[in-house]
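For clarity, chains are labelled A, B, C and D in written order, and residue numbers in each chain start from 1.
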Amino acid sequence: MVEEMEGAPLSIGGTALSSRLFIGTGKYGNDSLIPDVVRVSGAQVITVALRRVDFAAQHDNVMQHIPEGMRLLPNTSGARTAQEAVRIARLARAAGCGDWIKIEVIDDSRYLLPDGYATAKATEQLVKEGFTVLPYINPDLYVARSLVNAGAAAVMPLGAPIGSNRGLKTREMVRILVDEIDVPVIVDAGLGLPSHACEAMELGADACLVNTGIASAADPLRMAAAFAAGVQAGRDAWLAGRGVSSAQAQASSPLTGFLDG
Amino acid sequence: MVEEMEGAPLSIGGTALSSRLFIGTGKYGNDSLIPDVVRVSGAQVITVALRRVDFAAQHDNVMQHIPEGMRLLPNTSGARTAQEAVRIARLARAAGCGDWIKIEVIDDSRYLLPDGYATAKATEQLVKEGFTVLPYINPDLYVARSLVNAGAAAVMPLGAPIGSNRGLKTREMVRILVDEIDVPVIVDAGLGLPSHACEAMELGADACLVNTGIASAADPLRMAAAFAAGVQAGRDAWLAGRGVSSAQAQASSPLTGFLDG
Amino acid sequence: MVEEMEGAPLSIGGTALSSRLFIGTGKYGNDSLIPDVVRVSGAQVITVALRRVDFAAQHDNVMQHIPEGMRLLPNTSGARTAQEAVRIARLARAAGCGDWIKIEVIDDSRYLLPDGYATAKATEQLVKEGFTVLPYINPDLYVARSLVNAGAAAVMPLGAPIGSNRGLKTREMVRILVDEIDVPVIVDAGLGLPSHACEAMELGADACLVNTGIASAADPLRMAAAFAAGVQAGRDAWLAGRGVSSAQAQASSPLTGFLDG
Amino acid sequence: MVEEMEGAPLSIGGTALSSRLFIGTGKYGNDSLIPDVVRVSGAQVITVALRRVDFAAQHDNVMQHIPEGMRLLPNTSGARTAQEAVRIARLARAAGCGDWIKIEVIDDSRYLLPDGYATAKATEQLVKEGFTVLPYINPDLYVARSLVNAGAAAVMPLGAPIGSNRGLKTREMVRILVDEIDVPVIVDAGLGLPSHACEAMELGADACLVNTGIASAADPLRMAAAFAAGVQAGRDAWLAGRGVSSAQAQASSPLTGFLDG
């Protein structure tokens, strides 16, 4: 978590962001929904798998659906090694996608879990090349530290496996990253409902990235609005400072009988 | 839960409510905060313990802090029997508090749990007298049914003991009420964070009542805004229809390696 | 929960029981498994739905599979009113099933939840007739109190709906009953795994009743042994007094580096 | 998890173990309790921090309390780097503690979380030197894989921070290790109650190591027995194959009214 003035916008790589909900572009039945999802969610950052981009195609290209002014966060989905991630990042920049990059290095076809060590190597290289690097990680304190040392602009710990909609199953470890890490902590993957994102923000996460939770809803636009509200609710609750919780009841008003005396 | 047209306002006793967050007046360090909490939360319904109202006092009366136009929901806090609840309700109406009444019959000083049978008796009587009755209950299917049969305008199952901020500990039973009960289900008590209220709404609850969660926060105004957003997020998610959750990962994009071939 | 000397056996209606695992007879693919389940589980109390007993049948009668010496706990499954429960209890006694009776009054075909008020009425009547009454209830403090006042020998709150294998979803309320009720608290229904039963016992429950969790396992005999061990583990943990839990780590050994100095 | 014949003993580094509960030696008020804890728990493997061993002392040496015939598992607690862990392991073997070693490399004083990369380096070295290596890890799939490739005899993922008694907070990731890793998975740290250990075993973990959960109980001997039973219960449940869990109720007996017709 970053220490900042209360109510200050999130800052990533020198860019101030008023929205703390990042969104994705995968799994939409129809990519033409994307502009409306962007509008309704208020998101300012959108991730796209570079391999889904067919730069030759005039039509049927996910890029054509991303509104002007969005901060593009290309990701290295499909990379199985640090080298592959580095190559994809360079391709993204060369293709005009800018210098932000979300590193995903995944060599696990079943749970799509990220390889922390390879991610750290790719981060180190890409930071040297001037990228603003946001790595997707298992919430491991040492991996997060090594990424901060390598110059990562944020860390993106998973809440649950990609696309699983299972919620903040890594709560205990995300809480530790929030305590211990001095770059923004952006929870990414597994958040299937707004209450999941809200819970992450209440713990002190700096932002959330949601793709499947929105794209797989029956009504993605309404779900996008719901996630935006959930993230805002959790952020405000974190800033507001929750009351204590207690095992017994605490009366809202004096306990003497009303009709006594 | 009530079946209704998507996006329709909540209707209680014939009154349409656009806000699904009800608030309370207890436990504020300074009651003069209440008008701002009302404003920020967007709440249209506010509950007040009749015993806290000193109608003789010109000053230092919680009533003076409740803005015009709010739907007042006096409660029978302090009642230990059905008869006491009925008497308090009548006093409330005679004092000009209107004909809505939240019945609380509590004969348990430690956990402040409601007595379902006594609550049903008081409800039956007060409905006959023309009150719009919202009873506070343990989430028990038979108690809820008997209240519906007695003419209750809604049921208010607890999430956890009053003032405990513990969250939706009765999730399983609230879910059953939502499935089985045809009047609005308003989760009341124990919701300490916006994610708790959001979760209740995602399950299909029709509204939430929050007092301690807001009043005990370090910054009650910001927490009021947070709860308002959390309730809205949960409502929208319920309407949007969540995606399925799965034990394994579901890739957002094709799994073949990007750099293959 | 009953206060008792540490290590003392459970006492129900004057009968001392060394085993705190009660079992059921429903849902076995083959009732001839029952004697082995009894043996392996070490159970001393077994419940049987009277309606499953065909006293005329020489064969294919669940009763023939219940070993000698077991305490029979006939239940009133199928009763939808207090009167029906009372009639079934009387039939059970007349048929030689003894004077213990588990009252189930269920008028809900979907979740099979018990009707607390009707259960209390049946309990009152049957206690007067000399039965040892163990009522199945939703974990509601007032229902439990009224049952104690009516002379119930124990209360049997549900962990989750019958047969659902969902675990101790009512944990918060069971904990309150353990604190507040002075007859044995026997968690009944929904316990699908030994860890669920263990958790109930760790909270201070006096015993557990398990049917579906055992009968629906691929290997019911091994699962019966597992539940017996889980109940014993939880009971011992309760008696042993757990250590505190903490948000941070607590080193098992001094934290100065081993190789320092 | 290792695939094995049902009911076969756990095998670690060629040693067959009938007990799946490993214990520790830290935090006992009085180390003279240890022999009784060993006896009651049935444990065959016991871990000891080498830095707590004062080989010069005739008395007040934790080693003198460890019964003959126990498999000693010295640990490298206090090591902050791979090199330190390797040196401690060599010292342990030189001191006659045998060739099993539990690697802990911790450079985090607040949560005592293990450094996966350094642990992998130490493992690689020590396996070459003929040790039977059991590394303590955050449940990360890639770290676990690299340890298996390096020749680790087992992996020991944490349930929660050391000494926290918080339970199996890493459930989701431990479940994945059980699915994906072909050496024994031994859950170590954070298990504060028998139900926690039972849950880990029900998921398919091969064993559990418990220290604080036992040592911090008011009655450590009874708690040791409780954990032994909990581990056995969970193992048997895993072997027995649990029934399905369902959102609604599943009647144990036919649902037609008993007194109908």
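Throughout what follows, contacts are C-beta pairs under 8 Å (C-beta built on N, C-alpha and C of every residue); 3 or more make two chains touch, one makes a residue touch a chain.
The model shown is predicted, which means the values in this text are computed figures rather than measured ones.
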Check your understanding: How many hops, at fewest, get you from subunit B to subunit D via touching chains?
Key -> 2
Review point. What angle, rounded to the nearest 5°, describes the rotation that places the Cα atoms of subunit C on subunit D?
Key: 180
Check your understanding: Using each chain's Cα centroid, which is most distant from the centroid of subunit B?
Key -> D
Review point. At what distance in angstrom does the C-alpha mean of subunit D lie from that of subunit A?
Key: 33
Revision key, fill the gap. Whole-Å distance, C-alpha centre of subunit A to that of subunit C, is 45
Revision key, fill the gap. For subunit C, residue numbers touching 2 or more other chains are 110-111, 113, 161, 166
Point to revise | Interchain contacts, given as pairs of chains that touch | key: A-B, A-D, B-C, C-D
Review point. Along subunit B, where are the residues that touch subunit C in the complex?
Key: 107-108, 110-111, 113, 115-118, 138, 140-143, 146, 160-161, 166, 169-173, 176, 179-180
Point to revise | Residue ranges of subunit D touching subunit C (in the complex, touch as defined) | key: 24, 26-27, 49-52, 76-80, 84, 87-88, 109-113, 161-167, 192-195, 198-199, 202, 211-213, 215-223, 225-230, 232-237, 239-259
